[in-house]
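Look at the two complexes coming up: subunit A is in both, with subunit B in one and subunit C in the other.
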Partner chain A sequence: MKQPAVVTLLAGGALLALVPWLHLPAFYESILYLVLHWVLLATSWNILSGYSGYFSFGHGAFFGAGVYTTAVLAGKFDWPFLATLPMAAAVAAVLGLALGAVVFRVRGVRGEVFALLTLAVTFVLATIVLNTPIDGGPGIYLSGVQVPRLAPTQPGTFYLLALAGAVGALLVAHVVQRSRLGVGLFAIHDDEDAAEVMGVPTYRYKLVALAISCALAGLAGGVHALFISYVTTGEVFSITVPLTVILMSVLGGTRHWAGPAVGATAITLLLYAFTKGDLALAGKATTGAVLIAAILFMPQGIVPWLLSLRRAAAPAAADAAPRETVQAPMPASTPRGEALLRATALTKSFVGVQALAGVDIEVRRGEILGLIGPNGSGKSTFINVVSGHHAATSGAITFEGREIARLAAHRIAHAGIARTYQIPRPFAHLSVRDNVAAAAMFGGAALSASRARAEADHWLAFTGLAVKADALPDALNLHQRKFLELARALASRPRLVLLDEVLCGLNPAEIDDAVALIRRIRDAGTTVVFVEHVMRAVMALSDRLVVLDHGQLLAVGPAAEVMQRRDVVDAYLGTAHAAAGH
Partner chain B sequence: MLLRVTDLEVAYGPAPALWGVSLAVRAGELLSVVGPNGAGKSTLINTLAGLLRARAGTIEFDGHDITRLPAHRFCAAGIALVPEGRRLFATMSVRENLELGSLLAHARAQRARSLEHAAALFPVLRQKLGAPAGALSGGQQQMVAIARALMARPKLLLLDEPSLGLSPLVVQDLFAAIRRIGADGITMLLVEQNVATALQIAQRAYVLEQGRIVAEGDPESMLSRAEVRRAYLGSEP
Partner chain C sequence: MTLPSATLLAQSALSGLFVGALYGLIGLGLGLSWGLLRTINLAHFAFTFAAAYLCYQLVTSTGIDPLLTLAVIAPLFFALGCALHWLVQRFDVSPLNSLLLTFGVTAIIEAGIQALWSADFRRLESHYAQARFKLGALFVPVPELITLVVALALSLAIWALLKHTDLGKALRAAAIDAPIAAAFGVNQRALSLLLAGTCAALAAVAGVCLSLSFTLAPSQIYAWVGVVFAAVMMGGLGSALGPLAAGIVIGVSEALTMAITAPSWAPIVSFTLLIALLLLRPGRA
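For the complex of A and B:
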């Protein structure tokens, strides 16, 4: 069976659908409805916020949009109840898309800013609903609305609707986690800029995830409107909804599709187990204590904790998957020696600082071009601008004849340019192999998930990291993390690779190995631009050298020639190296 | 003997990073620890700064056993760390960064003098005191990191990869400054990938490999050992 989780979900759902015919007391059917209601809501929240790390406090707004869509259509316009549900999902999704289209464009809106912004949306929406004919103040009564009989009792009907929603949401969450979208969202979670530069269309992915998340929340709202049968803005747009779903998801585990469902079930049942009698107060205290303990001892959440126990119990079977042979980088479309990349009058200004003041740099196909200069001379800025991490202020960059200066970073990656970061930026929660596989999936190579893993193994072997494939980046030392950066860049099979100080922090013997590695990369057909301060490596590797100083071109030419120029010695090398330069 | 480490063992979870490391730092000397990446050099320096707990062994500083003290007490005892990657408070001004280095009572009392001393050591910083630390060039940031550690008036300065990512000219200046700090009588323990320079300016050196000390001696004798040259100096001089 290829997808045991899907089969289990569908079979479990079918089995649970029989519950209304057991004729349980209505009280139990209502509790079961609430469990499934929270499973649906928490799972929907997790698809954006858990996977991508964009914690939304605005889930109440999208849930409320669904509640009021159904309340208005069924209560005021006499739509049949079931027909309002797709509308509830659609209205919430459109609301989410409109919000996302604005906020996801702004780089500054991340983390706590995003959380606060979504919370504000909830209050804005509540105010609009309260002060317009949508609600107008008194709330909307829905006791007159006809609920179709899907089960022997009305609570049974709500139970079945919530069950369908919960199973559907879990299927969606499962499919998303296994898809490119899921890998992309996890990458965004760990390092959004690095993900974008690697080729993940971050804006589109966040928007899609938000739309799915909102639609499911809207659906939950639509069903819930009739369940409570009297809706008011105060109840619907409360802070309780987002706080509860966050707690449930974190308790169950946000990095697994089933985590929020487990958390929702646990919390809902705990709360209702203690509602009766004198135990209510003691019960709430116990619930709180249980939650604190759970989060202290299982910070990753229940589901990941259980999975880690299982992994520990069954020692990993050796990965015997056959290795596909992977051919070297893409075929060249321009012959060796011609201009591959050309930057013309390129400038980049930050507030008060001109990091690049109009430079012209040509990179020729098949060469290793060294980029040197004092700290702050614009070397890293050049790499940041070419890779699309920063937009150029003015000037042009053509790559294989195509203008790329105005493209988004992920499109530049697709065009065949990859880079490394001076300070390694691995995706901390993905294994070493998955880090490299993500690059193969989203970069210029655009491989399928399974081919990407084979490609990843190839590059891990190439960089000597094969033994660490299943480890998390945390377990690597600096040397290995640098090589992970390199493997990630190469896995997208770039035609141009930009290396930002891959050698810094390595000792001379390790540098010799790395120099040999970089030569092999070039020999396999990839053009290399590298920024470096380690002069022995610069001299050993560079076909040509470009020297930058204060954002301007100081010198270009064959390495030995450039290194002897008086101005280069004064600005950069100092006397010690000038003497040793020959 | 300012610092004496005996049979030190440090582990990350079950994985040991240092096995029975013993070393001594004499008052006033500049000691280099060299070795490949992953040998445990940063682990050693972080343990000596109190950031990591020793699983076994003792750290004696200035005649006191400080093995079990919390990190801030290491600083109070007179050990200051210049961490790898500088770790400045990027949005705070250079002056604020430096002042944060002198929070302890005895250091606070001499804050003005320490600031003047830092400015004398790194004249470039004089004009940069009001600038946010994150806006400085890499070399200047490294100077702030060293000056911040000196503001605590330490007896022992721990330097973890100070030349990381700096251009040759800046590295040259930086090592000149480290020599001047040594001339002022401050004891230093230096971890550095730039092995040739690290051995040139040190009075004594240890070689650390896979969590163990494998060699100790004066730098000239280290430089003349074939296996050290092969392992750490690469093919060229």
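For the complex of A and C:
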């Protein structure tokens, strides 16, 4: 079976759909409804927040948008109940898209800032609903609304609706996790800037995930409106909804599609077990204690913890399936010497500093171009601007005849440019292989997930990291992390690779390794631009040198020639040295 | 829409100033903990209310002056804050997980309060609870004035401490890069325990001030979360004067909104301000 999880979900859902015909006492159906209701809500939250790390405290707003859409349409405009549900999902999704279109454009809105922003949106929405004819203050009674009989009893009907929603949400969460979208969201979780530069369309992915998340929350709200049959802003837009879904998801595990469902089931049943008699307070305190224990002892959540137990019990034997071998996947070599990339009058200003003051640099196809200069001369800025990490202030960059200076970073990656970072920035929660595979999926190569893994193994072998393929980046030393950066850049099959001080911090033997590796990269057909301070390697590798000083071009030419020039020596070693006549 | 009289507007602004001072006072410890300890302490609100209830209990059963109860309550909460932070340090809890951890603590404290004092509203009766004096055309309630003075004094004291003493510089250095600060001889663990205890003691002070002029109920813990977070974010994390300034801006604009439109519109002011600020200057937080 190709997708055992999908089959299990559908079969489990079909089996559970029979429950209303067992004629259990009605309160069982209501409890089960609540469990499924929270499974749906927590799973929907997790699709954006768990996968991408953008913790939203605004889930109450999207849930509430669904509640009020159904309440107004069914209660005031006499729409049939079931017809209001797609509208509830749509209104919540549109709200989410509108919010995301603004919020995700602002680079600084991450982490806690995003959490509080979404929380604030909840209160603003609640105030608007309360003070306009949508609610107006007294709340909306829905007891008169007709509920279709899908099951023998009314609680049974709600149960079936929640079941359909929960199974649907779990399927969506599962599909998303296995798809490009999921890999991209996990990459965003670990390092959004690196993900964007690697080719992940971060803005679009976050927006899509938010829209899916909101639509499902709106659906949950639409059903819940009739379940509670009397809606007020105080109850609907409370802080309880976001806190509960976060609690459930973290308890179950946010990095797995089934985590929130497990957490939701545990917490709902736990709370229910205490609601009988005087135990409600004890239930609240116990929930708090469970949360504390979970955070302290299982910070990853129940499901990942269980999976790690199972993995420890059964060592990785199943993973030995033969892999498709990949031919050296470099682009066909084209005539050397023509201009591959041309920067014209390129400037980049930061507040108060002009890092690039109008430089013209040409990179020729098939060469190794060394980029040197004193610290602060604009070398790294050049790489940051060409790769799209920073936007150019003015000037033009053409790559294979195409203007790229105004493109988003992920489009530049798609065009065939890859880079490494001076301080390695691996995705900390992805294995070494998945780090490289992600680059193969999202970069210029744009491979499918399974091809990407084979491609990743090829580049891990190329850089000598094959034995570490299943490790997390944390387990690598600096030398290996630098080579992981290289493997990641190469896996996207770039035509131009920008290396930012890959040799810095390595010992002499490791430098020799790296120099040989860079030669092999070029010999396979990729053009290399590298920023470096290790002069031995610079002289050994460079076909041509570009010297920058104070953001301006100081010299260009063959390495041996350039290093003889007086002004270059001055810039590097200071005029006193030159005056001393060395 | 008819504009209310100038006196009414001024009286509204004044009451907004007082409420804002309380936002700032609650936000002071919250922001310090967030900015300097990287712990988003949701339990700060529970501490505030627990202290308020303790004050209520002590005053009701012994009849002493509410402010004197701080002699007992502040050290108690200092210890509580240290204990909680020890746990956070011991298990190396990340900032987002600290939010969830302290939510768990909040749920337990809330249940405890409800078990001891029930879910009913409680009101502290003290000899100056109703005291007020007239300043020109305006009434100035004494308990709220005490809150304002306390908030101002504490914020200024902590600002001076952070800015001008070695202790304050060490705290700020440790917040920016704990391992490097430790390498320069900063005892980061001890300092952060001290700071966490101080934040909790500040919550206790805020709680006593809260009990002077507000009715207490366990469910009210959550009523303050949104607006105080707004004040802390606007004022700047780890800032001593910021929360008070932002709290007063929020309080006054809320009060004026209530006077000019309807009370139910008030929440939109603080949160719209917060959203605008976050979007226009996200680097701030």
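Just so it is clear, the second predicted complex is superposed on the first by the 555 of 582 C-alpha atoms of A that agree within 3 Å, B and C clash if a C-alpha of one lies under 4 Å from a C-alpha of the other, contacts with A are read in each partner's own complex, and residues count from 1 in each chain.
Criterion: a contact is a pair of C-beta atoms (placed from the backbone, for glycine too) under 8 Å apart; a residue touches a chain by one contact, two chains touch by 3 or more.
Predicted model, so just to flag it, every value in this text is computed and none were measured.
J.: Thinking of the overlay built on chain A, is A:Ser349 touched by subunit B (first), by subunit C (second), by both, or by neither?
T.: In the superposition, A:Ser349 touches no partner, neither subunit B nor subunit C.
J.: After superposing on the shared chain, does subunit C or subunit B touch more subunit A residues?
T.: Counting residues of subunit A touched by each partner, the higher count goes to C.
J.: When the two structures are overlaid on chain A, which partner does A:Thr398 contact: first (subunit B), second (subunit C), both, or neither?
T.: Touch partners of A:Thr398: none, neither subunit B nor subunit C.
J.: Which holds for A:Asn375: it touches subunit B only (first), subunit C only (second), both, or neither?
T.: A:Asn375 contacts subunit B only, not subunit C.
J.: Mind working out whether A:Gln154 is in touch with subunit B, subunit C, both or neither, as first, second, both or neither?
T.: neither
J.: Could you say whether A:Leu243 touches subunit B, subunit C, both of them, or neither, answering first, second, both or neither?
T.: In the superposition, A:Leu243 touches subunit C alone.
J.: After lining up the shared chain so the two structures overlap, which partner does A:Thr287 touch, if you call subunit B first and subunit C second: first, second, both or neither?
T.: second
J.: With the two structures laid over each other on chain A, which partner does A:Met535 touch: subunit B (first), subunit C (second), both, or neither?
T.: After superposing on A, A:Met535 lies in contact with subunit B but is clear of subunit C.
J.: Subunit A residues touched by both subunit B and subunit C?
T.: none
J.: Provide the residue numbers of subunit A that touch subunit C in the complex, in ascending order.
T.: Touching subunit C from subunit A are residues 55, 102-103, 106-109, 111-113, 115-117, 119-121, 123-124, 126-128, 130-131, 137, 238-239, 243, 246-247, 250, 281-282, 284-285, 287-292, 295-296, 299.
J.: Any idea which subunit C residues touch subunit A in the complex?
T.: Within the complex, subunit C touches subunit A at residues 34, 40, 87, 91, 93-97, 99-101, 103-108, 110-112, 114-115, 222, 225-226, 229-230, 233, 262, 264-268, 271-272, 274-275, 278-279, 282-283, 285.
J.: Once bound in the complex, which stretches of subunit A touch subunit B?
T.: Its residues touching subunit B are 372-376, 422-423, 477-480, 501, 504-512, 533, 535-536, 571-577.
J.: Which part of subunit B faces subunit A closely enough to touch in the complex?
T.: 34-38, 85, 137-139, 161, 164-172, 193, 195-196, 230-236
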